[in-house]
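Each chain carries a letter (A, B, C and D) given by its place in the written order, and its residues are counted from 1.
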Amino acid sequence: MNESLSLNARLYEQVALIRRTEEVIAEIYPSDKIKSPVHLAIGQEYICAAVIEHLKASDYACGTYRGHGVYLAKGGSLNSMMAELYGKSTGCAKGRAGSMHLVESQHGVIGMSAVVGTGIPVAVGYALAIKQKKTTDVVVVFMGDGATEEGCFSESINFAALHKLPILFVCENNQLAIHEPIDKRWATPHITQRVSTYGIPTKQFSKPDIFAIHEYVGEQIKQMRQGAGPCFIECFTHRWSEHVGPNEDYDQGYRSLEAAEPWRKNDVLITLGETLAPALRDSIDTKIETKIQEAVNFAEQSPFPDPKELYDYVYAK
Amino acid sequence: MNESLSLNARLYEQVALIRRTEEVIAEIYPSDKIKSPVHLAIGQEYICAAVIEHLKASDYACGTYRGHGVYLAKGGSLNSMMAELYGKSTGCAKGRAGSMHLVESQHGVIGMSAVVGTGIPVAVGYALAIKQKKTTDVVVVFMGDGATEEGCFSESINFAALHKLPILFVCENNQLAIHEPIDKRWATPHITQRVSTYGIPTKQFSKPDIFAIHEYVGEQIKQMRQGAGPCFIECFTHRWSEHVGPNEDYDQGYRSLEAAEPWRKNDVLITLGETLAPALRDSIDTKIETKIQEAVNFAEQSPFPDPKELYDYVYAK
Amino acid sequence: MSTPNSTRLLKYYEALNEGAAQAMSEDHRVFMMGLDVDDHKGIQGSTLGLVEKFGAERVFTTPLSEDAMTGVAIGAAMAGQRPIHVHIRMDFMMLCMNQLVNIAAKSHYMYGGTVQVPLVVRTMIGKSWGQGAQHSQGLHAMFAHVPGLKVVAPSNAHDAKGLTIQAVRDNNPVIIMEHRLLYSTESYVPEKPYVVEFGQSRVVEEGSDITIVAISNMVVEAIRAAELLSAQGISVEIIDPVTISPLDSATIEKSVDKTGKLLIVDNGWLNCGISAEISARVAESEIITRRVQVKRLGFAATTCPTTPTLENAFYPSPKSIAMAAMNLCNPQSSWEPNDAQCELAYQKQFKGPF
Amino acid sequence: MSTPNSTRLLKYYEALNEGAAQAMSEDHRVFMMGLDVDDHKGIQGSTLGLVEKFGAERVFTTPLSEDAMTGVAIGAAMAGQRPIHVHIRMDFMMLCMNQLVNIAAKSHYMYGGTVQVPLVVRTMIGKSWGQGAQHSQGLHAMFAHVPGLKVVAPSNAHDAKGLTIQAVRDNNPVIIMEHRLLYSTESYVPEKPYVVEFGQSRVVEEGSDITIVAISNMVVEAIRAAELLSAQGISVEIIDPVTISPLDSATIEKSVDKTGKLLIVDNGWLNCGISAEISARVAESEIITRRVQVKRLGFAATTCPTTPTLENAFYPSPKSIAMAAMNLCNPQSSWEPNDAQCELAYQKQFKGPF
């Protein structure tokens, strides 16, 4: 993240980097070079970009199997991520994780999990460790709407609120779990209200307003660093791609392109880009393309792990 | 339950039967004849008495390891329960369950579990079956305050509300889980408010008002039988005995007798008994003593299971 | 399978689907629940069309709440219904352990025979295309460890249907462990409802030199290995236990008494696995009169890695099976089948990633 | 245990307590959490006084949320702390399986060695006085099945302390399986911190006629059985694996190579249990040169009943162990120890119900 840029430019840079990276992943995907299920977050990137903009290097962020954006926004190396998707030994997990379990400990990227909801309490554990170590770091944990249905979500919120832990819970509510709409899963849409009964600040964002999210989160994280305890936000959003894989799937019948239109028309990449001077925007775009191309080259040229390494890392020494 | 009695007398009879049964269990306990951990609900009986008074034989009730009261109120045989505590083959589970896993299918007593919270979704499953069978039966499931901390509580409420299942959730909030006070476990005391965000009727009873509980539940169950969906009530209450075992334990330092006084002074057994004509009350009391003595005799005289039966009931035929 | 009198070829997922459909047609108490059972992909086709046929009351998705939903299925089963609860991966069943182990497995016994839990749990093992650590586990041993649960593992379409129907009819909790890579495999499947009985190991191929017991899709790999070995003059008897628990070990013991050599190939880890159990049964056998040589193969004792080079080394393959068998039969041999011969069955059929 | 140079007798629960206290003193990152660790009973004494000594920040109870609390402990461990998470019964760990199996066991591997999970989970097996189906399970096999987890089972006070300290120092998730009936047993326990190394089986008693491998409190029962057998002229070698996983089977194999007879007595079910694993290792042993007779004892293949008559038949006892051993050594023998000789150790010491 380039600190000399304006906020708009910094946010744009982040959203654009994530968007373009995932688009390139989708392009490469049919070649079968990426032998990993990929869950793209195209259209949703503005949330992690807005939130993570407030984090220091020593803070933590945890995403899900749909975690490319969180990984990149938190400062994870694009080269290592791309190599990981390719299953190469230069990957962030040396080829053992693929796209679903990204990690980069040096940059505070908490290891992500492909079992829905499991990352939530783990992230709370990081927040507990911060409290015990008495630093001012914070943790942000991202989750889908589906993840909030898992019991561990309620358990985690309660514990974090009880111990006033420095953690921000971010629910990216795209109204879908795979192909199942939210009204087949939630008795009511009142999750934000529900979480507020734990006595913590909460806020719902029903529009893709990156600045509103950015502002609210900034204030909350500042207070969190001073011991205010956890916070929860729910951001309505829209997933452009199929649940897993490189394509769009509005033709599959379980959702309509019409319903998607308000979201697609208000694509943050575009609305945010329009606030920048064209020259600045172009230079950012160009830099991003170069960076992504380098990462692809890096991944392609890196070696696969040697089968002899199979038994490495079963136990830590 | 004697239908010819007045409501007050019926409720008194139920509360007194449960109270006296548990007191007798406590008396016998030091003899080691009851080789089962017993969790007494002395002081809390009025809740299940008030609620279950509305249930028909074909309705269901599920308690916990602290379930003598639920079992008896729902019509479970006292003889079978006492024999079960003694580990006898005439017990309601033929000696395989002890006090913690009471069951009596003929009377709609759902099998109880000693793993906190696990009975909640199981009871919801009964309610789902009722809906599928299209009968007007209902289910009541009892749980402690501690059980609401388990993820399956939130999961169960959501599912029951989503499918409008005929189930009443009753939280007996005695502010304790074993010896741990509620403020070490709950971030806030707003559980009733939280559950109402699932879009179902809820009510909190902060006093031991058996008639208030009885009235509210009656109205709710009536609507439930007509398809209104689930309901949740939270009843503050007080556990007179130690968590497990026959004794009181105010001398153990984790709670005070002073704090207990308001509860013990307003003992429903006494306040309710005072509303009855002394002669009626005496006749109920006498009948209860006889019944309990018969059950103890039955238990004492029943045989233990033959060791050869060990392998019976591993698999259903 | 046991000479099915059918000439109709069906895919494994079609057979699962037909088994469920017939079970639901023949008993109105049967219903199906689970994440995504009613969407347009229908659990890789295995539930497709069921919601149209039986309605949303009997075929419905659930919230992401595996723990409570398992309890709900158990409660419904206790109340007289016959639920089929579907999980798209076995790994996610770790969220259901409390209900399955502490309630489903124990209720009939703990409640003195007064309660039954006729619950079916369908669950799938994933493999390949980077499914990795959390989408690949074969955890049948954990369930087989617990009295009161039954565990079956169809290795072909015929068994997929027959075991499904038997599982629904059984009055106990039954876990059906399916395998993603078997979904597109075909076998002869009768159209009428039929059952594959539990607790009967099947001799898939008769042979005299060595017994190979293989679990789930490892049956397919073992058949390929047996082809390779046959070319080397080694006659393999392949046994598919079909039911992991309760296990019919007598069939295995009889075979081992004949061959004197046993290779067990599991679709899971070895440590405290079903391969250990089979080995232990053989060691305690009252049928076997001779000294037996035993060897186990299964998942490497590591977490499953995503990258192909490591993943290939993680799983048993026709090659590693054949070589292990050869080593038991002829320890001096340095035979190694060539790679072209060893191409895995699934590599032709399965296109990932899920 | 290995001739501990101490003359101080300590009870098992005191040793657990001292081990935790010393581990916490020597490393400020160590903390303890779990239901009731800070109450006046202190997990049967094993955590008593720790909250006074180390404060409520480092010793605290939790909500009844085993699943999330396990995740929290894992996260804290990943972030550099060293949690000890306590469960009063192993049965309740079924609620933690997802976090333990899918996260704790896999993280170091799945994240390519960049993350460590130095988590200790203390858990207790219950027995007797009607604890029954859900307060009695020994589920170590499930954990041993999963690469990445370590499982240890102290059978005496000396090991209780040494394994606790080693578990805290280890950089992996370690499950310490304790036994309620061992809590009041005493052994010599050095005052200074010391470790019992993982992965080393211990020869508890040397003998020549038969090897008995016993797990957890079954070591105590096996010692009593060996006394009975010794009076019959049978010399028993007793081995306590100490570490269930990773298992040191070489020590067992060497003993079996000497005795030719192996009786494995587990504190859990047989099917896919550690007893099966030990038997399988022996069958595949490269150390053993002779034919071996093997027999397993453990929980009956039922749910644990509460009533004493059935419960007695559910568990292995000195009597059933001695008779099984005799049967291996001398199949013709009809010897049966008399009941007075067979009184169980715990019957003298343990007063229930919890």
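Everything below uses one rule, namely that contacts are C-beta pairs under 8 Å (C-beta built on N, C-alpha and C of every residue); 3 or more make two chains touch, one makes a residue touch a chain.
To keep track of the chains, here are their UniProt names: A, B = Pyruvate dehydrogenase E1 component alpha subunit; C, D = Pyruvate dehydrogenase E1 component beta subunit.
Nothing here was measured: the structure is a model prediction, and the numbers come from that model.
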item: Separation of subunit D from subunit B in steps, with touching chains one step apart; value: 1
item: Joint neighbours of subunit D and subunit A, given as chain labels; value: B, C
item: Whole-Å gap between the CA centroids of subunit B and subunit C; value: 42
item: Subunit A-subunit B separation of Cα centroids, rounded to whole Å; value: 46
item: Between subunit D and subunit C, distance of the C-alpha-averaged centres to the nearest whole Å; value: 31
item: Averaged-CA centre spacing for the pair subunit C and subunit A, given as whole angstrom; value: 36
item: Subunit A, residues touching no fewer than two other chains; value: 91, 95-97, 101, 113, 115, 149-152, 155, 158-159, 162, 184-186, 314
item: Per-residue overlap in subunit D, given as positions that touch at least 2 other chains; value: 62-63, 65, 67-68, 91-92, 94-95, 98, 102, 109-110, 132-134, 147-148, 301-303, 305
item: Overall pattern in which the protein chains touch one another (line/ring/star/complete/other); value: complete
item: List of subunit A residues in touch with subunit D within their complex; value: 60, 91-97, 101, 103-105, 110-111, 113, 115, 118, 120-130, 132-133, 151-152, 155-156, 158-159, 162, 312-317
item: Subunit B residues touching subunit A - in the complex, by the definition given at the top; value: 149-155, 157-159, 161-162, 184-188, 190-191, 193-194, 197-200
item: Footprint of subunit A on subunit D - complex, ascending; value: 29, 31, 57-58, 62-63, 65, 67-81, 98-99, 102-103, 107-118, 147-148, 150, 171-172
item: Subunit C-touching residues of subunit A, taken from the complex the two chains share; value: 35-38, 87-88, 91, 95-101, 113-117, 146-147, 149-151, 177-180, 184-186, 244-245, 252-254, 304-307, 309-311, 314
item: Subunit C partner contacts - residues on subunit D that touch it in the complex; value: 67, 91-92, 94-95, 97-98, 101-102, 105-106, 109-110, 132-134, 137, 139, 141-142, 144-148, 245, 247, 268-277, 279-280, 282-284, 291-292, 294-296, 301-303, 305
